[in-house]
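In what follows, chain A forms one complex with chain B and a second complex with chain C.
After this line comes the complex of A and B, so read on.
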């Protein structure tokens, strides 16, 4: 199994910290096994490797991004992030002992809501994942899942009652996903929850959760509390995944209809030649 | 009304919430954002506990820190049966305190590994894991021999004590620090028993005995 990044992963941008956690004193982190230090330097940011190489940086979507290779372009677009009446919050950066791609796959899965997020994102007996659509964009750069409907007792921090919630998932990056879900405050608009996963090692991730939501009621620490509570519920599921890397062979695990997004995600990773954090199909 | 200075993802805060729930006590939950905000190091909370440690319990004029001390207080103050903090024999009192000390050792190891892996604290995760592994081996052996003598709980006797409540959280959250429980079957049977104590509640990272029930 690959311990070195494949070309597709090597040349991606990865979030390595929330911007609010970056100060003038250097902090350390790992990106695909490479030790990095990062800090605020003047008006910008600086990311260096242990052997003194300066890496490219981006400050976007409330996070600091870098790359071990040479990214072909900037980051994917999240237009809603720039809407001025939204609250944008980095809910936290959490380490999990599992591969980055397993983390994304769990984020795409609705089937676990009633069992793992009981009373919040689902509840018994509402366990059915109804039929939804998954497609690849024309240029093949992104996966989009639409018309995902799910009954949620407490869909967000401003929920006062259970509701049928619509989800749209985007996967515009091998370890990032952007989720849009109905806002309890405004039926015409969607809350945005972005998961930017930093692969620390092939079986270790750090998840940066950035919310861009309609909530004019609650304090930041309550919104973070809500999101970390949900993520904390996912941790034992993620850390008990066997194998810890995502198998790309379609016969390796038995999918059900609800796993359409995951099947597309695995195929897409395989087509891009991703070996880091995955178990590629035998040739 | 009892007030608890609390953080949702803290095992030491959770054990106090668990005890309060088992005893059927109402309380006010005051969130101190330990992570990511590090609010426990800010003046507002340092005025409550100068050591900056969670949890803190207030009950009337009493303000208590240290989760094991808080469990002891709650049992003495609110458990008329005397089950939870056993004073019936000197041996059982001593054994209960021994396991409360063990719970502190779990905080120093299994919890430290979890903070290093999960929340980016600058601790030596490998040293913490090694320490936790030794503790888990001792705990598993104790429980295994105890089961053979017909005892279900850490302190011999028919009913659980605060020793079980004190040791449970960081054992149950160990995988977040990279410490598997597969090698410790007696520990796994004991944690299943704790989950069936009437009044049991969960925290993120710990599931109920029956999935989807809480």
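After this line comes the complex of A and C, so read on.
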């Protein structure tokens, strides 16, 4: 199993911290096994490796991003992030002992809501994952799942009663996903919840959650606690997944129709030659 | 002292103590790097499974033991006691899971206070054991299993003889030790002490405890001094090709008639004119089933009949069916009532489920007419186990006609018998029962044809949507018309076939070498369903509901035909 990043993973941008957590004093983190220091330097930011190499940086979507390789372009677009009436919050960063790709797959999964997020994102006996659409964009750069409907008793911090909530999922990056869900405050618009997963090692992740929402009622802290509470429910389940790396062999696990988006995600990773954090199918 | 040597490499090896496997608990064990989920069902059976849900790999040892099934924490998949078959996938409540989704099971024996398994290809001989008065506490240690075995073989304890039986005082005892090879560098010493302890048991136990503790400390110290061996990589066997493909909207059809040999373990009268048959496997474990499933029973006379399973979840050591003696029996029910004897052998099919129970309803109404209660008993037991809201309305000629009294009694006030009603009174009662349709309510009805016809009509009048009223006819009593000839094109095989008058689509397909599952042969059970891609079917079955028929999306190939000259089928 690969302990070194494959070219596709090596040349990606990865979020390593929320910008609000970056100060002039250097902090340490790990990216795909490489020890990094990061700090605010003048008007910008600086990320260096243990052997003194300076890495490229980006400050975008409320996070500090870097790369161990040479990214071909900038980051994927999240147009809603720039709308002026939205609030953007780095809701938290949380570590989980499982591969980054397992973490993304869980983010795409609706079937676990009534069992893992009981009473919040789902509720028994409302367990059905209705038919939805999933496709790859024409240029093959991202996966989009639409018309994902799920019954939720308390879909967000401003919900007061249960309702069928519509989701749209995007996977524009091997370890990032952007979720759109109907806003309880304005049904014509969508709240955005982005998950930027930092692969610490092949079997360890740190997830940065960034929200861009229309909620003008709740304090940042409250929203942050809500998201951390949700993620805290996922953590023990994810840490009991075996193997910890995402298997790309189609016969490693048993998919059902509800898993359409994860099937496409696994195929997409296989097509991009991703070996870091995955178990590639035997040739 | 006899040290029975056993390691995970071969032979039966203990992987837990009986007392570890307490009710409603799941014990996590390990043998040669392979994690095990070990759990006891309420019927006492101990299951040893690979510790991993087949869906997304989550450990089953963090799952829920309901006493009859194990539920995965992640997506609520349920796996049955004994056969480890998946019985329910909550994400798709209207589909029966393909019965081939089965967790990996390991051989199990419970003896002398220990739970045993083996990894051999051929079942090894089981060690001779008397019932143990004392099971030693498990002693886990970080040491290579082979080194532990070698040390135990050379072990001596003051006052205890290292060869032959361990004797002390005026009695005779035998200590048997086993090394569970947990991983390359991890072992558990397990042991049982048998024979007369003659009041000196505590003394002996203390001495053994002291000696074994000293030995394990010494072994751990030696292991620490040497480089730790790499852990054994667990083997995650691949699922079948069939399961790896994402199933289509229609559940996969079962393959041809199964041939499971069973013995008639018990035959009892369970109501006036109704016998129950308990069928047990000749060997091995019966395949999994879901509430609503039926089996084909091949009778010694050559007749094949379909019967619904009455079994509750987890009741997996046998199949239970109910058979009513029909006044105008064409041979099936009479043969069973008159000629079958306990101990007789029968051939049956694997269970098929075309009458699927949704478990995501806020309220479920079951309506049974006579022997039609059998699938609804299985469904009632499933919902009762979940604590879900349901009512079983059981229409019968009289008290003495109510079958399976013990199972009915367990339903308490969720059972409402309706006795001795004529058709008009039955219809009035059905109008009461079905008066209030609701978005999260489901109705399941099974009984004689006229009663089903009436129920479906009343439900439609009361405003129940088609897709919330589920039914199963015993048989198709409509007059079949097979006078038209037409053509079928098979989209996936690029074959065109002619269906002449007097022959069914099913017959034509089979004559042309196309494997098709079927069961009742009269358009009642749903087994031979095929998707229609083009053309208008002439539906003559009683399986599809009105809106399913109107959609022309599927056809029952055993009886239905074509209104157009040509049908294109998804085959």
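Criterion: the second predicted complex is superposed on the first by the 283 of 283 C-alpha atoms of A that agree within 3 Å, B and C clash if a C-alpha of one lies under 4 Å from a C-alpha of the other, contacts with A are read in each partner's own complex, and residues count from 1 in each chain.
Methods note: a residue touches a chain if its C-beta (ideal position, glycine included) is under 8 Å from a C-beta of that chain, and two chains touch if they have at least 3 such contacts.
In this text the structure is predicted, and so the values were computed from the model without any measurement.
Superposition note: with chain A as the common reference, chain B and chain C can be accommodated side by side. Legend: residue contacts after superposition of the two complexes on their common chain; A:123 is shown touching chain B, with no touch to chain C. Looking at the shared chain after the overlay, A:40 reaches neither chain B nor chain C. Of the two partner chains placed by the overlay, only chain B lies in contact with A:18; chain C stays clear of it.
In the superposed three-chain arrangement, the CA centre of chain A forms the vertex of an angle with the CA centres of chain B and chain C, and that angle is 70 degrees when rounded to a multiple of 10. When the shared chain is aligned, chain C comes close enough to touch A:242, but chain B does not.
Applying the stated contact rule after C-alpha superposition, one finds that A:256 touches chain C and leaves chain B untouched.
Using the contact criterion defined above for the overlaid structures, shared-chain residue A:115 touches chain B and also reaches chain C.
Once the two complexes are laid over each other on the shared chain, residue contacts for A:87 go to neither chain B nor chain C. The least CA distance from chain B to chain C in the superposed model is 5 Å.
Taken together, the two structures place residues 114-116, 124, 236, 240 of chain A in contact with chain B in one case and with chain C in the other. Residues of chain A that touch chain B in their complex: 18, 21, 29, 90-97, 114-116, 118-119, 123-124, 206, 221-222, 224-225, 228-233, 235-236, 239-240. Contact residues of chain A toward chain C in the complex are 110-112, 114-116, 124-129, 131, 236-237, 240-243, 247, 249-260, 263.
Touching chain A in their complex are the following residues of chain B: 8-9, 31, 33, 35-37, 39, 117-120, 175-176, 178, 203-207, 211-214. By the touch rule above, chain C contacts chain A in their complex via residues 35, 51-52, 54-59, 62, 73-76, 89-94, 101, 234, 236, 238-241, 243-247, 249, 359-362, 388.
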